[in-house]
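There are structures below to look over.
What follows is a pair of complexes built around chain A, which joins chain B in one and chain C in the other.
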Partner chain A sequence: MPSPASSFFSAVLVVDGNALNRRMAEQLLLQLGWRCGLVSSTEEALDWIVRDKWDAVLVELSLPDGSGIEAVSRLRRRVEEAGYPPPRLVAVADGGSARTRVVCRAAGIAAFLTRPLTLRDLEGALSPAPESEAERSGDPVLIQTLGGLRDMAGERFVLDLIAILAKEGPERLAEIGNVLATGNLPVAGRLFHKMKGSASSFGATELTRICEVGDDACAEGDEALAKECRRLAGEELGRVTAFLARWKEGNHA
Partner chain B sequence: MNPASPPAVRVLIAEDNLISRRVVAKMAELLGCAYVEVENGRDAVEACEAADYDLILMDIEMPEMDGLEAAAALRDRYAARGKQKPRIVAVTGEMVLEGVGMERYRQAGFDAWLGKPMKMEELQFILVGMCPDSGASWVNWGIAKPGTAAG
Partner chain C sequence: MKVLTVEDDAIVQHVLRGILTAAGHEVLPAKDGDEALRLFQDQPVDLVISAWQLPGGLDGIALCEAMRAFRIPRYVYFILVTADSITSSSYGAAVARGVDDFLPKPLDREQIPARLLVAERIIRSFSELRQVKSLLPICMYCKKIRNDDNYWSQIEAYLAEQTGSAFSHGVCPSCYEGVVLPEIGRGGASETFPG
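Our next item is the complex of A and B:
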């Protein structure tokens, strides 16, 4: 099998069990100026991933030979062992529950795409804005919700809500941590639920999703996932509160 | 008839989350409603014993008694007395509410649902549609109520 030598282009390894999906991904990637390798199974991917230095890996989540998320962990270990720089991991699925998205994020997958793939989605997933830039731009639903609340009830009202979240969010997160440490999942679930309520009022989509999955994980007795959700909720709350602080400044400017 | 002082829609807001409650209460206030806030389903049922409401905005997952239980309790109580039940609107953070989920709400006694984050136009739409006699929401928003003379 040909192993592509280094190229002017960045390279993406496409791991997908379906030949048609592989071809479509290839077409889109070529249009974006990416070079790609196409493989159909995790085993093949494990072989190919160390033949070249891949900038990104596009993995189908429901691979025939095992879960895509597990495949991602194996691929990542393989790259680490080979001493290569870690590629950007992008998951592709036909649809995606909130849980799948959160589990992907916990597994270090940088972006999650649903079919049909579009040029724009692929480009965004493969060439992300730098973290600070992404933070600056904020969640569009959040921006829209804040603007809507301000137009509706005035800036003072929105600032009061932001102050409540800034105080309540970290307190609740600490509480979830304490409760999870004692293994009391029902109480942790209720706390996730409360945090979800606050997040959804602001239109903080990702935080809402993480809290929802945390709540479900508690209900199902999945302590490991609940803890993971607590960690991710902390990350995301930090991002949301930083954005809210900038929004506040922007409004005063 | 004085269009400047229509009867205010009496709204009961049942929501355990402080931020959500503030937002919903502010919307109700701006839409000219008279509102009362409670923090769980049990208090919502008790509040309906103490006073009459036109509309209840009910969160689903609440401590003590959740929104589905509270709606069902209210449905049964009003039916037992042969009295017209207030309209009950589910306010839910659930991202998808259709098919089986929607039917479960209907059976519990809900008349409509609103997603979070709630939009004022959606609440206004519900108010105008469900409480046509109140007039408050039309007047507040400068929309001429059908059948009434302007000014």
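Our next item is the complex of A and C:
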């Protein structure tokens, strides 16, 4: 049964080199009540993207004629040139390293899905709301970690942890930004590494992932990616802090 | 146990404190290696949990070496917190320099208390062994040893009970000369069987 939210999406363009994967995506989208177009390559997608106004594009990361990330930036340019509203971009892959996920996020891809696709994942990823249900309800690992820490050490302990994070997080990010501005990648890498350790200790998986990629980017001398990770870490920290504030209210209520 | 946690990250330090306190341990936090060494000298610490990378001159392994160099009369168990990128040769090098165990990040709140139970067991065994090796009341004539229950037992019985050692009885050269040979001489005369 399509949910009320799905009525926002009238059209989804599926870009996937595998015929079976295209059909499976189509079946799920039809079940959600969405119309879809199926194409197998970047070139075909570039043609289709301006034939219709697509609300979302579901793109496979390994396309026969290049990477999905490259396809996304070309599709976005084509849509801009045509004067169409930008579609919501969703990446699909069989797996995906931390780096792939972070690079997707940096490329403006709104959601990352791994196969097998499920109705619930698809619906969440294609949702046009600025903050999806998944984002509002928070990272399941974060929720589980906070709950576990509260059960083990008490609520006061978790509230103190939230207060420390609210103070330390922005300071760390500012420090990483300052060091990156001087081009000192080894030190920036160590700072990313430290931040990864703190993020993982309270279950913030996405922030952990971004810091891990930032650390690797510094080690490889990829300054542009390191700066992108710094920006994304700021974005993610904001999201985590907002979630923690809601968690705190919910626990006091 | 009194646990010295060495970590410059306030968030990780806080999480460690929560886990350890909930498991019934007393936590002594230090931000770097120098502060850790100062606390270590001032207070009887049972166990140290330290980050590998630390600000200042001492990293986790150098801190472990510095603590081992004190040669204090009890065993201090040292756990190093590691990142997932550590190679097996680094683990080997850390153990060779005195590290007892490793805790991977992210910190696992279930695993840490279990690791500390193992540490506690090892520390207890060490201290029991040390008691055995320390000053024992021994009879100056018959060489029996007095145990905790004020009971005098033969030295081999005492050691077997305390350490689980088994004894194979032999004769040293001086006892052979002084005791065994005269015994044989004496016995030789009586070794005549009735005809």
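Worth a mention:
Please note the rule applied: the second predicted complex is superposed on the first by the 236 of 253 C-alpha atoms of A that agree within 3 Å, B and C clash if a C-alpha of one lies under 4 Å from a C-alpha of the other, contacts with A are read in each partner's own complex, and residues count from 1 in each chain.
In this section, a residue touches a chain if its C-beta (ideal position, glycine included) is under 8 Å from a C-beta of that chain, and two chains touch if they have at least 3 such contacts.
Only a predicted model underlies this, so the values are computations on that prediction, with no experimental measurement involved.
Overlay on chain A: chain B and chain C clash in the combined arrangement. Chain A has more of its residues touched by B than by the other of chain B and chain C. Look at A:Phe112: by the touch rule set out above, it reaches neither chain B nor chain C. By the touch criterion stated above, A:Trp34 is placed in contact with neither chain B nor chain C.
By the touch criterion defined above, A:Phe202 reaches both chain B and chain C. Within the superposed three-chain model, A:Trp247 lies out of touch with both chain B and chain C [touch as defined at top]. Within chain A, the residues touching chain B in one complex and chain C in the other are 148-149, 152-153, 157, 160-161, 164-165, 168, 190, 193-194, 197-198, 200-203, 208. Every residue of chain A that touches chain B in the complex is listed here, in rising order: 98, 141, 145, 148-149, 152-153, 157, 160-161, 164-165, 168, 190, 193-194, 196-198, 200-203, 208-209, 212.
Residue ranges of chain A in contact with chain C, taken from their complex: 148-149, 152-153, 157, 160-161, 164-165, 168, 190, 193-194, 197-198, 200-203, 208. Those residues of chain B lying in contact with chain A across their complex are 15-20, 22-23, 26-27, 30, 59, 61, 63, 93, 95, 116-117, 119-120. Taken together, the chain C residues at the contact with chain A in this complex read 8-12, 14-15, 18-19, 21-22, 51, 53, 83, 105-107, 109.
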